[in-house]
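Handing you a structure now.
Per-chain numbering from 1; labels A, B, C, D, E and F assigned in written order.
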């Protein structure tokens, strides 16, 4: 199967690491394609940035539909554009935020999200609520590094995540950790060793769930919420042109 | 005071009616400017359309900030882009969805939303939940006409809204009605007469709440969620350019 | 328009300050009348006091209906008697508790309430829940001064509010503050300067929302919950006498 | 032990029936005193009426405290004044609304409330929420008879309750019924026979729970919410006079 | 009346103390029989232990039904097997967890549970949620002693409970305490004296509620959830054998 | 990898079909072993039956741990014994109830569960709540056939499921269907064709999620809730014997 992983920001170095992580866990018969859109922000640190991804993201889904991919993964922890993407694709579209939380919840009674600076917190909380994980996510712990800081200073990044991960376990009672950014996929293994609890990265979780959905032949429901948008005029947005 | 009302879709006839309604209820010392963005969908009927508004909408907020407006009203019932708009403005930004529901809740113990076709329902429910009105909104009743149908056939529109409004009152026990589209502002008066309960249109509700916020000198909190986005590179989106 | 502001306690010095604040923000064409009932407690610090206001409060609403007021504001943060007042008036009745929270929620992603001694906390939490603001109100912070202490020692009062307001912002992550007593209207401006976040006083918020509701010609829904009480015998209470 | 049962309305014929029912189920060593206050409404059909009971109700609690009762039962299904009564008594105070629901929940997986006209519904829903029974109470079914109608036409009353009780069981899936008015205590037995599910009347439920609380020597917590009101001036209300 | 109290673990010394406590508060006309099942764990400290009680527990209920008991009390704070027991008995079955919380909620505005080691916490939280007490239970505080430790070192047990009880009152704002284990019945009196708030033990609370249910002649609803299981083959479990 | 699928009831014909379905979707490198315990009920139709599975189920997990399986699937839609099984295994344990709902939620905005007779409904609702799917599951529709009826009359079974599935889609607005019994795995394909929405069977969903968890090397968190039970005496239950 062929899976298109869309990193909704324009930082190619992150896309490369996402590709590596996704490929590493994918089955031999799964082909991973990872892209950044042409339009969008360098990173997603707040609501404004999240909305800045949507045009570019939808362009990539549109292209992907024509290219015949078997599934799409949106590789940002705040799951931007998920519902709209499901409208224009009939193959499954999985967000890495929801994927990591569902998997965490099946091996632990609760989890904390450890993430970047605090402006991202309300975005991640929206994912938690939309995914039904409000009673499972006992805390969202922020560090003082933003997403690009984690790119430029991975050592400092691992340290910051370890500190907050430990606080999550010892103070909040977290029994698992979900990483609150696609750029943190590289830290998961080490962090798991440090903390002694399962650590879930969304990219790898989403790849495995997608393989399952495709194996089962599941498609996105076109019954109502995710049905194709009606034809109408869209200016500057990849709608289905009239 | 000067208020910029942004109709996030590109249908100028709707913007004109929104302008008329807003001006009609505004105080003499309130100047209303109503615009449609250059980019965006002809109407918002589902998630995909909602996301299609965001680039154009943000461009209008950006322009408005430079033009020194005292407040912004986002004139679509699903309150698109509200949080991001609050990040880049420091004057108040009010959504017509939340405005109509808060006002309804102060003269009635509950309300129903009467709106367009059913694909809009999950978007409106998101507004209900984000505004804290989950226990107040007892139903969202859809018609079989989409937003543009209401533009082209206002008589049929009034009829459809009256039928569903009556059902809301008699079957669901609604004690007030909120109109679930900016394009319905023209029906509010007649509907109120027909149904015998208060009917709230979001545009006029938002104008009055905005006048209050500006009178009190209130600004958007820049403490955390709505603080200005950090400078970074945005491609194809009106971020604060580096 | 003519608005009757009812301070449900019998302390005239508080009523005077409420009158000043309401008048200060009212439009030139809005006439404010502020009263204390003849019956009631000197202040509201707990459930018992809240219930002690109801007879006097309803008497003032009854009188106000005959006097032809265009709206009523109940000027206690716990919004006492709100639903019953709405039953006997057909013009709008707004509580200062709900008014401050709705306005706060439109310029900030969350808020804390800063208030008097802790016995008031469960009353304010009832307002939060009834207004749908449970997910928005992240904390209610109490001081060790009761309402009358704030009357007698305003300097100490400002200090106490500043301390707890700062704790709300720095420890709880509050992005706005709502003042949890009508008697605190005089502190709002200074507090806003000190804390750097929007501070909402309920009296002024309610005046502006009331002006909006009256401008829009809205009346209280008489459909079910707020319909006029049936005629029956009431002993010692201003019911509609048989 | 001596239990004071306060029917918060002034209709003595209801008080008499409440006395009979309470006495019938009380243990031989339990003395029941049942009273109506001097002030208050003839019946409670809506919020306005509920608030009209509070002065008279509190006067009866005050008197009862001096008379040394071992417990108080507030005999109206909307549990009026419960928290304030707990403040001025240190013996237990039980509402018949909460009592019936807790007992119902221990012999059935859910219940419906069957009650008077629909204006009472929001009051009963407040009891449901405050008692934590939101997920247990699957419906509140109203009849077209108000409380005094049930006094004057008991046969019609039993018929109306049977019809709605049957609907609750067959349409809503109710596995027990709680009666939504103190005046319905006389119908419980017959209704139980008709419907084939447990039917709980609040008066008798409250008597048995009160006997248990008194046997265990439990007192109302004076730690915070229910502590005695501070001394202050109350005009026209039985506060602790200065 | 004859009440069968089933301690679902196999530690007879606990059963003996449960018997003593139940007998002490029971009325003269109430006969208490207390048993431990033949099968089951020595104590319940986690989910695994809870499930280990079910076969033995159901065997005791089955026997008790044949012996004609008037009610059953399941004497473990996590209320194991409650719903299944209600299926096979038609007399009332009360759990000590729910019983203590309902009583606490009638004399205090909230409560904390003080209990054994932290592995029990998620089990008790399930009881809190199932009983509707989610908004009433403000904390579950654990000690470092497990259930059998409390048997062997009662002095240390009282000390540990006092420390955590004090923390619950002063830090969490608890206005009552519920004891989170049947084995703690012996500490209730002393703890109440130490803490100055009502302390509820589930065994004694359940006895009094059961006496009330039996006095009122209430039976378990056989309408749906608690109806008798259909006849089918059960291997190694006391189902109704074919 | 080797996965042990435990059908907690003792009906071998169901176990055989579960084996076939699991094997059909498993990857070539995944070995499925499917078993029924020696102890337990012939089917699970209510709480009593659910509890009747636990001893036999835990015996199979214990055996499976010694046999070195890489994961366990509990193949009953009510996910019996899930938390206890996670305590004694350190490899992942997945319930088919949660698995089907998480997958459904990723291709549809909501879902209905279609299942056997109504006594199963409260058990399935517990799974919905525990899995966080309360806002996603819009209805649980029951048929009049119990689990064994579906074994003996598959044609009638498919018909009953189709009828209720259609009702779920057209009346409740379901956008996907989850099958509420392991014995329905054989109907999924046909039903999907009939209904035009994705239909999820839990057995196949769980197999794919398990393959993903094992691929990622995830283990059950032993931090707190799912840590191994302490050694103590268990009579008649497969605890870790002293």
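The working rule: contacts are C-beta pairs under 8 Å (C-beta built on N, C-alpha and C of every residue); 3 or more make two chains touch, one makes a residue touch a chain.
The structure displayed is predicted, hence computed values, not measured ones.
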Same vs different contact residues, chain D with chain E, by half of numbers used = same
Ask   = From the centre of chain F, which chain's CA centre is farthest?
value = C
Inquiry  = Can you tell me which chain lies farthest from chain B, using the average of the Cα atoms as each chain's centre?
reply    = E
Query = Between chain C and chain F, what's the gap in Å when you average each chain's C-alpha atoms?
reply = 53
Remark   = chain B to chain D, mean C-alpha position gap in Å, rounds to 44
Query = How big is the gap, in whole Å, between where the Cα atoms of chain B centre and where those of chain C centre?
reply = 27
Ask   = Which chain B residues reach two or more other chains?
value = 83, 109, 118, 122, 173, 224-225
Key: Ring walk, chain D to chain E and onward   = D, E, F, A, B, C
Parts of chain B lying in touch with chain A, wherever the complex brings them together = 10, 38-43, 45-52, 54-56, 58, 81, 83-84, 87-88, 118-119, 122, 129, 146, 148, 224-225, 227, 229-230, 232-237, 239
Ask   = How about chain A: which of its residues touch chain F in the complex?
value = 25, 27, 83, 86, 92-94, 98-99, 102-103, 105-110, 131-136, 169, 173-176, 196-198, 200, 204-205, 208-209, 211-213, 215-216, 218-221, 223-226
